[in-house]
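Given below, in the form of structure tokens, are the structures.
Both of the next two complexes hold chain A, though its partner changes from chain B to chain C.
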Partner chain A sequence: MIFSYYPGCTLKTKAKDLDRYGRKSAEALGITLEEIPNWQCCGGVYPISKDEIATKLSSVRALASAKEAGQDLVTLCSACHNVLKQVNNDMANDEEICAKANRYLELEEEYHGETNVIHYLEMLRDKVGFDKIKELVKNPFTGKKIGAYYGCLLLRPGKVLQMDNPENPKIMEDFIRAIGGTPVIYPMRNECCGGYVTLEDKALANKRSGKVLENAKDMGADMLITACPLCLYNLNKNTDGYDVPVYYFTELLAEALGVKD
Partner chain B sequence: MNRKDKQEQILRMSGVNARKCMRCGKCSATCPAYDEMEYHPHQFVYMVESGNIEPLFESESIYKCLTCFACVERCPRDVQPAKLIEAVRVMALRQQDNTHMKKGDLPMMLDEDIPQQAIVSAFRKYTK
Partner chain C sequence: MQRIGVFVCHCGTNIAATVDVKAVAEAMKIEPGVVFSTDYQYMCSEAGQNLIKDSIKEHKLTGIVVCSCSPRMHEATFRKAAQSAGLNPYMVEIANIREQCSWIHKDMIPATEKAIILGKAAVAKVHLNTPLTAGESPVVKRALVIGGGIAGIQTALDIAEAGFEVDIVEKQPTIGGKMTQIDKTFPTLDCAACILTPKMVDCAQNEKIKIYSYSEVEDVKGFVGNFSVTIKRKARYVDETKCTGCGICTEKCPMKKVPNEFNLGMDNRTAIYIPFAQAVPKVATIDADYCNMLKNGKCGVCQKFCTVGAIDYKQKDTFVEEKYGAIVVATGFNPIKLDNFDEFAYSQSKDVITSLEFERLTNAAGPTSGTLLRPSDGKHPHTIVFVQCVGSRDTSGCGKTYCSKICCMYTAKHAMLVREKYPDTEVYVFYIDVRTPGKNFDEFYRRAVEEYGVHYIKGMVGKVVPRSDGSIMVQASDLLSNEQLHISADLVVLAAAIEPDKSARSLATMLTASMDTNDFFTEAHPKLRPVESPTAGIFLSGVCQGPKDIPETVSQASAAAAKVIGLLAKDKLTCNPCVAEANEWMCNGCSSCEKVCPYGAITYSDKEFRMPDRTTAIRRVASVNPAVCQGCGACTVACPSGAMDLKGFSNSQIMAEVDAICK
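Entry: the complex of A and B
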């Protein structure tokens, strides 16, 4: 299986592990991730306002490039995934945004939201299958209690992202089972960690991340997994005194598949 | 721009129909930035609907929203308050030529682990 792949800027810098282990694991699963040529940063947050066109263009370029290659587009960072899916939704359903974006870009062929964007976790679930992964696991996380941290950008808005039930998700728990661990379900798993506001308001980030960690700990989690570099940062740095180790889910996948280093 | 024009533009930018709101307060109850906000999500909806927008432009509340989409997901009337808050914020930045974060402010906010994602997001949210 071959997919177009959009790594995003953070995976090239501070979150190299998320990318590296994601690529190694994909290889072990028989998947080729073809990085989109000359992709540009998506900007990290979806430009919500309908009259913001320029800030949506880097995403449209990436989407159109996957369409040209005739491939589904895989993303790994929660934020890229959120931005690309929301912009794609605009291109498919908002005529005004679509017309303006196409006018700016002058692509050989107009883009109207044709590309299917999937998160890496969706690729594991829908293209590979968690059962198949289970068979390929060499080092299972037997007895490890692992909490999934969804945060906000992976699932919401549910109507647009269509990844899982945004209020009662299970894709990451199923992933944890596939690698042999025991999922710990805790109520704060889909509440925000404080996001980018951590830059100017550390107290807020501490409070939000602290509540997530406290809740996960109370419910017995030994560790948390995330798909978002900013979640990882906030949960590591702004802990409000609660320490629970946090890992990228791809790192655990690579370890389970026996391809970590 | 007069009050009516501003109101109309905010509604257009956001695509929100504020009249659908039944003032249940669920958006504010679920908002992770509630404590830090002077005006809460349901108040944004009501104040925009009634044209009382100036206090929102002046308030720090527009920079406290985390854009976590919790209010969007959980509003029983599909009002999507986060989209209104974003439209007010964008208009405030454009109008007053107001950059909430100046380039010189940035180095102080950084540490060695901060991901790029946070920096580019802050630029999108705090500057125009």
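Entry: the complex of A and C
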């Protein structure tokens, strides 16, 4: 299986592990991730604004590039995933945005939201299959109580992202089962970590992250996994006193598949 | 050549303010065949009708056109007037210049022009009208009530009271419905069982009422006055005629770990069971999913202990076919599943419960014998949070857009009962709006706040977080003080939205009764015909038509019964003469019409025809049963050779209208 792959800028700087283990695991699963040539930053969360077109353009370029390759586009970072899916949805359904973006970019062929964007977790679930992963696991996390931390960007808005039920998700829990661990379901798993607020009001962001960790610890989690670099950053700033380490899910996948060096 | 009269109505200013009615009447005078044309302020009034009657006689009219409101409103009125003046009622045509003209246009000149065109089309049609005579069909004097909750029970009792036979089909082993699970009823706080069970017994003892419990409607054929219904009697593996309801089998059954649906799974029952002590009929039923004897042939204990030999492991589903004149739908509701609302942690904590579960926890026949205890650890809760509108008035797409109507009142009831019985308990109610219209309802809610000290907080709960120490953190907003609240609760009660029972959808298809987008049955008119379905002979009772509390359900149930009694009191029903008819010479027997007919009114038969060369040929041709045909016209469109025509709406009549409009 070959997919176009959009890593995003954080995965080249702060979140190298998310990217590195993701690629290694994909290789072990027989998947080729072809990094899109000359990709640019997805724009963070700015492209979600309705009245500004410029911020959406680099996402459209990435989407059009995958379309040209005739491949599904795999994303890994929660924020990039959210942005690419939402922009793609706008290109398919919002005539005004679509027309403006196409006029601006002057692509060889107009883009109308044709590319299928999937998150790495969706690739594992829908393209590879968690049962298949279970078979390929060499070092299962037997007995480990692992809490999935979804955060806010991975699943919402549910109607556009179409990945899982945002209020009662199970994709990461199924992933944890596939690598041999025991999922811990704790209510705060889909609450916000504080996000970008950490730049503005550190105390508030810390409070939010603290509540997540407190609840996860309280419900018996040994560790947490996430798909979001910003969540990992915020949670790691607040692990003091909770003793719940936070990892990228790809790191655990690589370890389970025996390809983590 | 017809002699046509045209009558243009002002409808006060409804039409006359936008349409120049005099100009319309004047313009119609020069239409071919029109010998008389006039206008009048209210054509439907007695004076207006007299004007029509007198004109018919004076001008020897053979057909009339009334330019007025929608035919839904007054076609029958004008037909009756024409008939009393000696004209066939089907020689009357209505040009709708109100709903389809004056009400939707603003400018008088084009509106008048359009009114004239609509009038011309009606004149063109009436030229081709022929007198029609309505036939009659007999009425089967027996009614069917589908659903045996309080709605179905009340409807059946009222119909039986009037002297007609009535059957109740109930899919559960007992009648009674949701009301059997409710502890107390608002606003009087009397016990639900005390007022319901006597009615259940009345049903069982009334010789006019037959109860098909543990049964479902399998198929419905026929039409108003003459429905033919197949009822599936599910195998309960107990002979109803022998079982005395003594209950020994339920004591002896070794399979004791079956979730008890009557108590919403909060305790267990046996595989052979009687749902509750006052069940009607009081007959045991074997749950085939759990019975060891039925699953693998290893047990037979109940048969051994049954003193009357009522247990029959070999019982099969049986089918009963019955004829009915009228059918009442009373299929009721269920609380919605809360899968989409996991922010309230319903699936994560046993101490987050629904309001119906709360009813069972406070009911003497419930799993805790009426003492309010937490399902997780059996401890007394000291802080209870009620959350209203869980899935109601929801625009996110996770729940229902409508208001479930009953939750404000039952939540006030729950809050009040808790404070009354356990004064040491703090009670919080989160609401979007408190909606308590109804007799003595608002007073009831105010008592909860003012006398019982229930904390009502305007705002929604955002997150419910169960913690390892057993407490539940409730995070909510107080919109009036603009504060975030964190309440450590012991029990959280969710007022889940209600939705129509799942069986309603397939039933609606069988009955060709229409539904809205929420699967509530649609009434024939939202204000003026609230208990009739648009399909003749189908009536609606209770929540299947829309959310209702008990007093409202009972009122509607009695209203539906009154409508049924009115129908069954007639010996014959007048049929609609506007039915399809096949031209046998043009029919080529292709069956296209038979396939599209939703009423099964078309049959095929081989007929002898004398051909032009004097030979005899046998051809397969369609014929329409006029008593079954509802005049929908689907067959006329489907027929490739144009052999099907609808009386009163023939292809040539419709083409004449189109020609008149396009002229």
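We adopt the following convention: the second predicted complex is superposed on the first by the 255 of 261 C-alpha atoms of A that agree within 3 Å, B and C clash if a C-alpha of one lies under 4 Å from a C-alpha of the other, contacts with A are read in each partner's own complex, and residues count from 1 in each chain.
The criterion applied here is as follows: a residue touches a chain if its C-beta (ideal position, glycine included) is under 8 Å from a C-beta of that chain, and two chains touch if they have at least 3 such contacts.
Just so we're clear, the structure is a prediction, and the values are computed from it rather than from any experiment.
Engineer: Return first, second, both or neither, reflecting whether A:167 touches chain B, chain C, both chains, or no partner chain.
Structural biologist: Both chain B and chain C are touched by A:167.
Engineer: Quick check on the superposed pair: does A:52 touch chain B, chain C, both, or neither? Answer first, second, both or neither.
Structural biologist: first
Engineer: For A:15, is the partner it touches chain B (first), chain C (second), both, or none of the two (neither)?
Structural biologist: Touch partner of A:15: chain B, not chain C.
Engineer: A:43 contacts which: chain B (first), chain C (second), both, neither?
Structural biologist: first
Engineer: According to the contact criterion defined above, which of chain B and chain C contacts more residues of chain A?
Structural biologist: B
Engineer: Could you look at A:191 and tell me whether it touches chain B, chain C, both or neither (first, second, both, neither)?
Structural biologist: In the superposed model, A:191 contacts both chain B and chain C.
Engineer: Which of the two partners, first being chain B and second being chain C, lies in contact with A:236: first, second, both, or neither?
Structural biologist: Once the two structures are laid over each other on A, A:236 reaches chain B alone.
Engineer: Jot down the residues of chain A that show up as touching in both complexes, chain B in one and chain C in the other.
Structural biologist: Chain A residues touching both partners: 167, 191.
Engineer: Which stretch or stretches of chain A touch chain C in the complex?
Structural biologist: 159, 165, 167-168, 185, 187-188, 191, 215, 218-220
Engineer: List the residues on chain A that touch chain B in their complex, please.
Structural biologist: Per the stated touch rule, the residues are 8-10, 13-15, 41, 43-52, 55, 77, 79, 152-153, 156-158, 166-167, 191-192, 194-201, 204, 207-208, 229-230, 232-233, 236-237.
Engineer: If you look only at chain C, which of its residues touch chain A in the complex?
Structural biologist: Within the complex, chain C contacts chain A at residues 339-343, 345, 347-348, 397-398, 463-468.
Engineer: Could you pull out which chain B residues touch chain A in their complex?
Structural biologist: My answer: residues 12-15, 32-33, 35-36, 63-64, 66-70, 72-74, 82-83, 86-87, 90, 101, 109-111, 113-122, 124-126.
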